[in-house]
Each structure stands twice: as structure tokens, then as C-alpha cells.
Amino acid sequence: MTPPIMTMLVIALPIFASLLILLTPKRWPASQPTILMAATIASLFLSFSLFGKESMVSFPWLGGGLDFSFRLYQFSAFIVAAVAAFSFLIALYTLSFFRADNQSKLFAFYLLLSQGLAAGAVLANNLVVMLFFWEALLLTLFGFILLGGQYSFKTAIKAFTINGITDLCMMLGIVLTIFLAGTATMTKINLPLDTLGATAFIFLMIGAIAKAGSMPFHTWIPDAALDAPLPFMAFLPAALEKLLGIYLLTRISFDLFQLKPESWVSSLLMIVGAATLILAVLMALIQKNYKKLLSYHAISQVGYMILGLGTAVPAGMVGGLFHMINHAMYKSCLFLTGGSVEKQAGTTDLEKLGGLGWKMPVTFGCFLIAAASISGVPPFNGFFSKELVYDGALERGTIFYVIALLGSFFTAASFLKLGHAAYFGQAATQTRETKEAAWPMLLPMIIIAALCLLFGLWNALPLNNLIQPVFGQQLAGHNYAGLPHNLFLIVMTVIVIGLALLNHWFGVKRYGSGLKAADHIHYAPGLKQAYNLAEKKFFDPYELGLKAIRLFAIIAWGLDRLIDWLYSGLATSAARLLSLVIRKSHSGNYATYLWWVIVSLAGSMLYIFMVK
Amino acid sequence: MVGSFIFVPILLLMIVNVLSFSHKSKLHNILFGFGLLTALAQIALVLWPNKNFWQLTANYQFNVIKFNLAADNLTLVMLLAIGLVGLIALIVARGLINDVDQEYNFTNLWFIALTGMNGLVLATDIFSLYVFIEITAVASFILIALTKERDALEGAFKYVIFSSFATVLMLAAIALLVFFAGDTSFAAIANAIKANPGNSLILMGLILYLLSVFIKSGLIPFHGWLPDAYSAAPAITSIFIAGIVTKVVGIYPLIRFVQLTGTLADPLRNILLLVGGTSIVIAALSALGQTNFKRLLAYSSISQMGYIVLGLAAGSALGLAGAILHIFNHAVFKSLLFINAAAVEKQTGTLDIDKMGGLAEKMPYTGATSAIASLSTAGIPPLSGFWSKLLIIIALWNAQLYFYATVAVLASLLTLGYMLTLQRKVFFGQLENAFYETKEAGWQLVLPSLLLAGIILGLGLGFPWLINTWLIPIGKIL
Amino acid sequence: MSFWFFCVCVIMLAVIGVYCLLYTYSLMRALIGIEILIKAVTLLIIAVGYFSQHLALAQSLVITLIVMEVVIMVVAAGIVLGLHHYQKDLDIRKLRELKG
Amino acid sequence: MRLGNLEIEIIIALFLVLTALWTVMARSLLRAAIGLALTSAMLTVMMYKLNAPLAAVFELSVCSGLISVIFITTISLTQPLTWAEIYEHERERLSRFRPLPFIILLLGLFFWLVKVDLALPTVVAEKVTDVRVVLWSLRQLDLVGQIICLLAGAFGVTILFKAWRGK
């Protein structure tokens, strides 16, 4: 097969398979998993065999320069392969996750459809074509969340509305870009960031970072964590949407537009990144639910990627992109461990969990590796990408570096809390009988955990083959494989992790390891740290610090809710009020309606003769 | 030969009625068969056009008969939509009406309405246009009042009043335009308009004509009758009237108007824009709060008409093409939604969406097809509704009407809002106990639903190939 | 007599008809209002025919118009009769069941 | 034809407007229907004066004849109220219609005083001046339309005027 045909096949195959799944009758229960596995394995092979090839495909479409064109090159092939890989692993995982037949069938349908559409969006070489696939992904998102059961409708609507609004921004951005560049073909666009260019860029950026789940477009993710099926969380918000969002952000920043370190747009990106990572991690710290805690981390880690790419200096860009692929791995691994725990123990409420470490050793092992990765413990992959982001941030401003480091500290602290509460300590009565999960659920976790380790120990493999070629010329003379070059950063990271450990130890010591006090313990060590600092350097009372951090967490929470309300509350109630007024005016009296006609008649005649 | 679109149905109708050779139920079966054949033949003639058929004028055989009828691309699309919705209404009627008398009456009136609409889109003469509008209107008055239920009569009465008022305005407009043209043909009137720019009597005529078609198509603020008539009419009438009749009666003359006046003068265009924009927003907001299934659909209909008017006001081939495609799309998805409403009403006995819930479980085909139709209404890609809205929005943008383009884009969020509310309240969510025994409404409703849903999907997916072969040539009639 | 004179006549008749439509409480009177409006427009067509010397055309239009008018009025009267069956009078104010 | 200073058309128009006014203001529905027939008759006279005799005949026979019959039938079928009720209704109704004559008067005065200068087209005489030729050979489509419309009306009568079953 020639590369163009394979390119088209990589999009078409999953979509056709998804339709096939929809058509399989209930009488053949085995057909659906067979098709699912066959399609995901086939597209996995297909996308890996596309690696290193380049091709352009184009069909005439709307006319006027709008062609149905696709471009396969190093970057898109990489993302497509990653999407296919995650799709395969999640498919494997779902084999024994769902109980209800209908649910697994629809999930398989949405999974394959999303995969095909995502491949289309990534491969598109025309902004309008990309938008086409991008918008269609909205539908599968909606469908996925709806699978969660009767309470998920509200969340689904929320996700749909938020993503719909941001996609609208993206649409405006695309229109503006086409207007500025005079073409919709992505390879032909390369615009400077002047006033109009920056406007178009920011619109496109909103679409991209909202897909990735950055603040302030994130509020649906924690809700979905509770309502939607867990494999969905591991697939869409943790992996696929990050890949797509960051892919688009990279494309627009360094391909379609010329993002330079000195521009204000770059600073804006960095501020968005820094704010996202610190606010979300503070939110994560106070959560008491396995899935919800993870979902806030899914938001927080996007901050690192945006911060890294936003620096627009080589180290940061490479770091941001590397963090994207690393995050997709360890976060879906974490969600999958959450899924195993939910399936086996029946709950993800941390207050009811405990002592799972001995009962589910494989899950626990995978959790340990992934948690170490996300916390940036050497030598796992998260460590290396974070170091690169730190490097870039430090180059642009110390404040960004400090925030990133602080985020790291809280990340480590919250995962210590999570691990402790779920896997150590006393089990509650309900979960005492828990056993290890089935092998189709364990296998994906093990594979991803192994990859986390591999990408860490042998980071030259992803960096030299996947990440660095993306930026090509811009990286001339740099190579980031191997150990980080800046010893200061390593020392600081190790210190921060050490501090987090110390902090956790303090907390456990002080409040005992009672599970019910778990979240309280993890407030207190943060406060104790602040207290110690204050005792040494400033005169800062413990209570004040406690209140300050509490207040900060409350403000963060309030901000979160406010944004939420703006989306789902204000707009809806305004529309409802207007609707009520309009309905009241339709009194059923035909003379009233006739009056409207006559007034309009008189008005339009007056208007016509006045203008004339 | 295009005259056969008028003669064949009316002759068939007369033969069956005048001869009335058999028992009523048998008679009705014959009439029904004729109806199916007529509609199918109409669709076939449009889809596989035969040059000889379309170009032969009627007077080649008898010198006595001379009709001013002609078909252009727009007419073809309208004939296709009329045939399609007509066919579907006829089939659905068999499932919905149980009474032989009523079904016989429906089929008779269906023939008259079909003839009226065919004549309307084929007419080349403004007064003939009026005559056929009136025929179609009379048929639809009776169709609405068919079951003689109280609410249906109320809706019909309001429709009679508003329709007659519109007729009076249109006749006044015809009188003023004919004053200058000296003839009633479209060509003569177009010439007269071009020859007398800025004449106040002509302007008066144009504005009267414009407002009369606004009333006929129920655009805000001329819409008072429409929600009442749609929601009170019997189920089968709603499908037929909302799907095609009021569109042919109202919007088609509007398109001819835009074609007549050429590029619209600025004040007229502003009126079109204002009415279109207002209709989209206000009707969508109103639909948001409705609890009656059919009334919600009626307001949605007004809102979609607003898009068509905006497309026309853009004044470019692209906008016109988008508007025409949207008429066709609207005919398809709105008939489908009304069929779904009819199915739900038939099976549950209510139209109050607050009382329903979870029906998709019991009526899977109705649920699935209504979801497709709703999403097409809201303009979600890749369904056909997306493309027509996209064309309209692009046309508005190209005409530098940025405000209205933005309104059109934002209002599709409102559309999505009320359509999703509808879907959630009726088809998803918790199944009410009362509906535990509910079943699908029978093949007469399911089959047309699936056909229409298939058209929505097919048009949506096939659009890229459709646009250059069909739509852009249609838009060029301007 | 000028064309304007007939225009004034038409406008006056139209105002009477519309006023009747707007302010009446009787279904039959609403139909009478419509009738007066149609009279006004008939007069306009004839006047136009007279002043443009196209009386033959205008007359043939008016004849068609009259036939249409009769059919509409018959149907409307039937609907009024139906409504009377339910509400036992012709009060238009009871015609407000459909609203919202 | 001139009557002193007035032209006959002015008188006919005056009567036309007055009969229309009376139709709308009339106390009972029956009188209103008769008023409508009178208005129609005045219009017929006006048409006759404007050299449109054929249309005038139609107007007279169909409008003041047939339509009046339909209206009067409908009115008598809908059981008029008792006289006391009518009287009560009328007082209230008249208060709503009282402004109408003044409005008409003001309109008439206004348009009498304000002479609007209309840009009329140059007259091109008709090629075919015979109504029968126009109607039967040029406007055949309208005739077909009339037939269809009458057919629709026939169905309307059979459906709407049929008695209610079992009620």
C-alpha cells in the first residue's frame, strides 16, 4: 500500500469499524470485542508502519481553496501512533471493565469513532477540514459522558457547552487566519504575531488549550470524573485530548504563527500555564476521591505543558511536548489503576479504601511507578520532562520557575496522600475482601508503567526520534537527551521531593494515620511547612497561615465555581427569563398578533420612505 | 409538459371522486395508490431529468391550451421537496388516521394541496402565483380543521385571518406592480422595477409584497398564527403543513421576490436582515421554554425560516444556494421531527414533554431518528443542516454582514439548547412508569422516519460532491 | 378624478376593515372585516386597470379574485360554525386557549 | 358626468365608505351582513362607472348575493343572543367603535388637504381589450386555478358543514 492510501485508511478504518460495531446484533455478543480488538490492533500496526513516511493527500472539496487535504509527516505520524496505542490499550482494558452489554457496545463505538476522528484532525492539512473533525469529536465526547448513567446528563451538557463555546472561538480564529493568510492550507500559512495575527492566535489558542483542559475551561473534567465511565477518563481527558490540544498548540505556535520569546503572547501563555498548574494542584490537594483527585491533576499537568511551550525557548518547547506524551502515559495509567480499584473494591472514596497494597500488588506497583513519574522522581519519565520545562521557565523568569517547583511540591504531597490512603493503612469493612483485577485490565497498566520507566531511563529514544525532530531547525545545536545539564535544577527537584516526603512524614506523625483524617493530615503538613518557614524567617503565626492557605483554597474553589456558574448558570437563566417574557407576550389573542403585524407594516413603510 | 404536474393529480382526483364507483374504503385505496404514484413520479422526474419532458411547452398539441409555466433549477428543488414530503405524509397518514372517511378526506385535500404547490412553483406570472397560493392555503385551512376538534378550529381560524390579511396585501402589491408593468409576468415586473428606480408606488408595492410573504411564512413579528396552527392541527396535518406547505407558500415567493428585484436595494435588504435575525433569536428563545412538543417544533420552524431569510438577504449566489438547501433540509428534518412527535403522541397520548421521559428505550427508531433530526436542526456536522447553515453564514460574512453572521452562529447554540432539552425530556432520562408498555408506532411511521434520517445523513456526507453539481448552479439564478 | 382619489378611498376602506378586525369581539365580524379589506383591494385593482387602460386584464383578475374570495369565506364560515359548536357563542375572546 | 361642482364618483365613493362604516358599526350581525351586501353594491356601481361592467356583474351576483347568503345562513345557524344580551353587548361594543368615524373623517380631511404627487407611469394601451379574450385565452391558468379552488371549497363544505357524529 502506498502512504496516501494508508493515511486515508488510518482515518477510515476506525470509523468504519465503529459503524460495524453499531450494526452487530445482540445475538452475537462475541462479535463486538472481536471487532474492537481487531480494529485497534490493525490501526496500531498501520500507524506504526506509517512512521517516518511522508505524504500529502488532497481531494477537491468545497472549492475556493478548500480541499479535503491531509498531510502525513513526522509530527502527525507520532500523534496518530500515540492515539492508536492508547486506543488499543483502553480497548484491552474495557474487555472486562463493563458489565452491561449495551454500555460496552456504545463505548466501543465511541472509542473507535473518536480514534478515527482524532486521526483525521491531526492529519488534516486544511484548517476547515481540521475543524470538521474537531467539531465531530464534540459529539463523541457528549456520548461518552452520557454513558455514565442517569446523573451524567448535566455533566455531558456542561462539557458540550464549554467545548462548544471554545470551539466557536476556534472557528473565529480559523476564519481570521484564513482571512489573514489568504489560504486555508496549513503548510502555506506562516504569519507574524502582529495585532490581528495575535487576535487570531489567541482564538485558536483558546480552542487548543480548552481541548487540553487548561483553566478556565476545565470545570467539566472533575465533574466527569465522578459521572462518566472511568476508561473514558483514561482515554479522552487524560490522553487523547491532551495529545490533540497540545498538538494544535504546538502547530499554531511554531508552525502557523511565529511565537517568539519576547512577545507578550508568549508571556500570556506562560501565565495561563503557571496559573493552571498551581491552582489545579491546590484543588487536587483537598480532594477525598481517587478519581476526582486524579482529574484535578490532569488539569494541573496541562499547565506544565503550556508553560513549557509558552516559553518559546528550545528547552521549554521540547520539555512541554515531552511532558505531553509522558503525561498521557502516566495519567492514563493512574486512571486505569483507579478503574481497577473501583471495579474491585466497588468505590473510589478514599475514606472507604485502605490497605489495598497487599491485596492488589500489581495495581499498586503500577500506581507507584506512575505516581513517581507524575511527581517527577528520577529516573522516571516525568522527571526528565519537568526538568526541561523548569529549564525553560528559569530562562524566562524566576517567578515561573518558583511556581512550577511549588506545583511539583504539592503534586508529590497529594500523591503521597493518595497512595497512603488507598494502599496502606487499615481497610474499611466494605473493602476487606478485595482481590486483584483480571488480566485484561492489568496488562495495559503494566505496559504503560513499563513505558514510563523506559522513556525515563532511555529518554534519548523518545527525544531523538519523536520530540526533537518536530521543531527541526529551531533546535539547531541543542540535544536534550540524557541527564539534565543543569545540576542546580536536579538538586532543587530532589530537595523538593525530599521536602514533600518529610512533610508527609510530619503529617502522619502528627495526626496519626487514621484514614478519616487523611485529608486533614495533608492540609496540616503544608501549613506546618509554612509555619516552620515563618518561625525561621518571618514572624508568621500558625493559625494565620492555616487560614491563609484555607482561604486560598476556598478562593480557588470559589473561582472555579464562579467560572462554572458563568457557563451553566448565568447564560441559562438569562435565556430562561427572556423565554418567559416572550411566552407571556403570546397571550393567544389574535388581535395582539395583528397589532404586531400592523405596527411592523407601518414601521417598515416609514423606514422605506424615510431612507428614500 | 410541465403542466402535467398540475393536471395529472387534479384529473386523478376528479376521476376518483366523480365516478365514485365503489365502496369508500376501496375508493380510498385506489386514491391512495394514485397518490403514491403521483408523488413517486414527481420525485423520479426531478431526479432523472428528461430534457424532452422539461422543455416541451404545453401548447404544442392543442392550440387552445396555453399556460405560462416554466421550470428552472429552483423549481426542480422545490418539486423534489414537495414530492418527497408529500409521499411521506401520505404513507404516515395511513398509520395515523383510523377513520376511513377522514383518511379519504385527507387524501383528497392532499391532492389539492399538492396541485396547488406544484402550480405555485411552476408559475411564471405573479397573479397565477397568487391563485395557487390561495388554493394551497384553502386546502391547508381545511386540513388543519380536518378533525374538527376545538383547538384545531381555533388554530385554523387564526390562520384564515392572517392568511387573508396577507392575501390582501399581496393583491395590493400586485395591483401596484402591474400598474407599471402593464402585465403580470415576472419578466415584465422585473423590467418595470428596473426601469423606475425609486418610484414610491413601486416601492410601496414591493414592501407590501414582502410583508405579505412574511406573514405567509410566519416570520417574527408576523408569526402569531403559526405556533397555534401547527400545534393544534391533527398530527398528520402538522407533518404536511410544517414540512412543506407553509414553506412553499411563504418562502418560495420570497425567493422569487429576491430574484425579481435583482440585487436588493439597501432598505429592503435591511428589512429582510432585521426580520431574519429577529426571527432566529426570538423564536429560538421562545422554543426554549415550550412544554408542548409540537409547539416547540413550530417555534423552531420560525427560527429556521430566519436562517433562510438571512441567506437570501446576503444577496449572493452562495447565500441563495444556502437558503435553498436549507429549505430542502428543513423540509426533511422538520417533517421527521413532526413524525416523531406524531409517533410519541399516538403511543403515549400526550404531547407534554414534561410528562415524558426515557422513551428511546421503548421506541428506539423514533428516538434515534429524532436525535439525528435535532442535531441536523442545530447544525452539527456532518449532518445536512450543518452545511446549509455554514453556506448561509459564509455568505453573510462575505457580504460584510458580520453582526448577522455572529447572530446566526450564536443562535445555533440556542437551537442546540432547546433541541437537547427536547431530546432529554422525551427520549432520554428516566423511563416513566406510565410508559412501560409503550411500543414503536408501526411501520407506516418508522419507515418514513428512517428514510428521512437516511436523507439527512446522506446529504450531509455527500455534500462535498453535491455542492458544485447542484447547489451553486441553483444559486446562480439570481 | 385622479388616481390619488381612489387611493384615498382604498385607504379609508382598509382602515375600516383593519379597525373592525382589531376591535371586534365577534367571529363573524372578523370575517366581515376581512371582506371589507378585500373590497378595498378590488377597488384598487379596478382603479389601476382604469388608469393604466388595462381594464380587460384588471377585470379578469377581479373575476378570479372574487371566486377565491367566495371559497375562502365558505371555508371560514365552516370554521366559525365549528367553533360555535364548542363555545355556543361567537365570542372571539374565548379564542385564547392556544398561547405561550 | 358632473353634478354642479361635484363629480358623481365622489358621491359613490362617499356612499361606499359610509356603507362600509355602517357595516362595521351596525348593531346586529344581520344588519352587518346586509351592510356588507350594500357595500358590495356600491362597489359594483363604482366599477360600472370605471368601465368594468363584467367584473361589476360578478361582484354584484357573487359578493352581494352569494356571500351574503353564506353569511346570513351562518349567522342564523349560530343562534343569535337574546335582545337584552345584544343590547348589553352593543353598549360596550359601540364604545370601542366610536372613534372609527372620527378617524375616517380625519383621514379623509388629511388626504384631501395633503395632495400627494404620485409619479404615475406613462400609459401604454392594452393590446387585447376584450375581457373574454383575456380571460379565456391569456389567463387560462387562472381558470384552472379557479376550478381547483372551487373543488377545494367543495371538500371544505363536505368536511366542515357536516353534522357532528355522536355528540
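In order of appearance the chains are A, B, C and D, and numbering begins at 1 in each one.
Going forward, contacts are C-beta pairs under 8 Å (C-beta built on N, C-alpha and C of every residue); 3 or more make two chains touch, one makes a residue touch a chain.
Quick caveat, the model's predicted, so the values are computed rather than measured.
Counting C-beta pairs in contact across A-B and across A-C gives the higher total for A-B. Note: centroid distance chain A to chain B, computed from Cα atoms, is 44 Å.
With centres set at the average Cα position, the gap from chain A to chain C is 66 Å. Our note on geometry: chain B versus chain D, Cα centroid distance of 32 Å, whole angstroms. Put simply, the C-alpha centre of chain B and that of chain C have 26 angstrom between them. Each of the following residues of chain A touches two or more other chains: 583, 586, 588, 590, 594. Shared interface positions of chain C, defined as residues touching 2 or more other chains, are 21, 23, 51-52, 54, 57, 61, 64, 68, 71, 75, 78-80, 82, 85, 95, 97-98, 100.
Within chain D, the positions touching two or more other chains are listed as 118, 120-121, 124, 126, 138-139, 142, 145-146, 149, 152-153, 156, 159-160, 164. Viewed as a network of touching protein chains, the structure does not reduce to a path, ring, star or complete graph. Only residues 59, 61-63, 68, 132, 135-136, 138-139, 146, 150, 153, 157, 160-161, 164-165, 168, 171, 175, 575-576, 578-580, 582-583, 586, 588, 590, 592-594, 596-597, 599-601, 604-605, 607-609, 611-612 of chain A touch chain B when the two sit together in their complex. Against chain B, the residues of chain D that register as touching in their complex are 118-121, 124, 126, 137-142, 144-149, 151-153, 155-156, 158-160, 164. For chain B in complex with chain A, the residues that touch the partner chain are 157-158, 161-162, 165, 169, 198, 200, 203-204, 207, 210-211, 215, 221-225, 227-228, 266-268, 270-271, 282, 285-286, 288-290, 375, 380-382, 397, 409-410, 413-414, 416-417, 420, 424, 428-430, 464, 467-468, 472. By the touch criterion given at the top, residues 127, 131, 134, 137-138, 141-142, 145, 148, 150-151, 153-158, 160-161, 164-165, 167-168, 171-172, 174-176, 178-179, 182-184, 227-228, 231-232, 289-290, 292, 295 of chain B touch chain C in their complex.
If you check the complex, the residues on chain B that touch chain D are 6, 10, 13-14, 64-69, 105, 108-109, 112, 115-116, 119, 123, 125, 127-128, 131-132, 134-135, 138-139, 141-142, 145-146, 148, 179-180, 182, 192, 196, 199-201.
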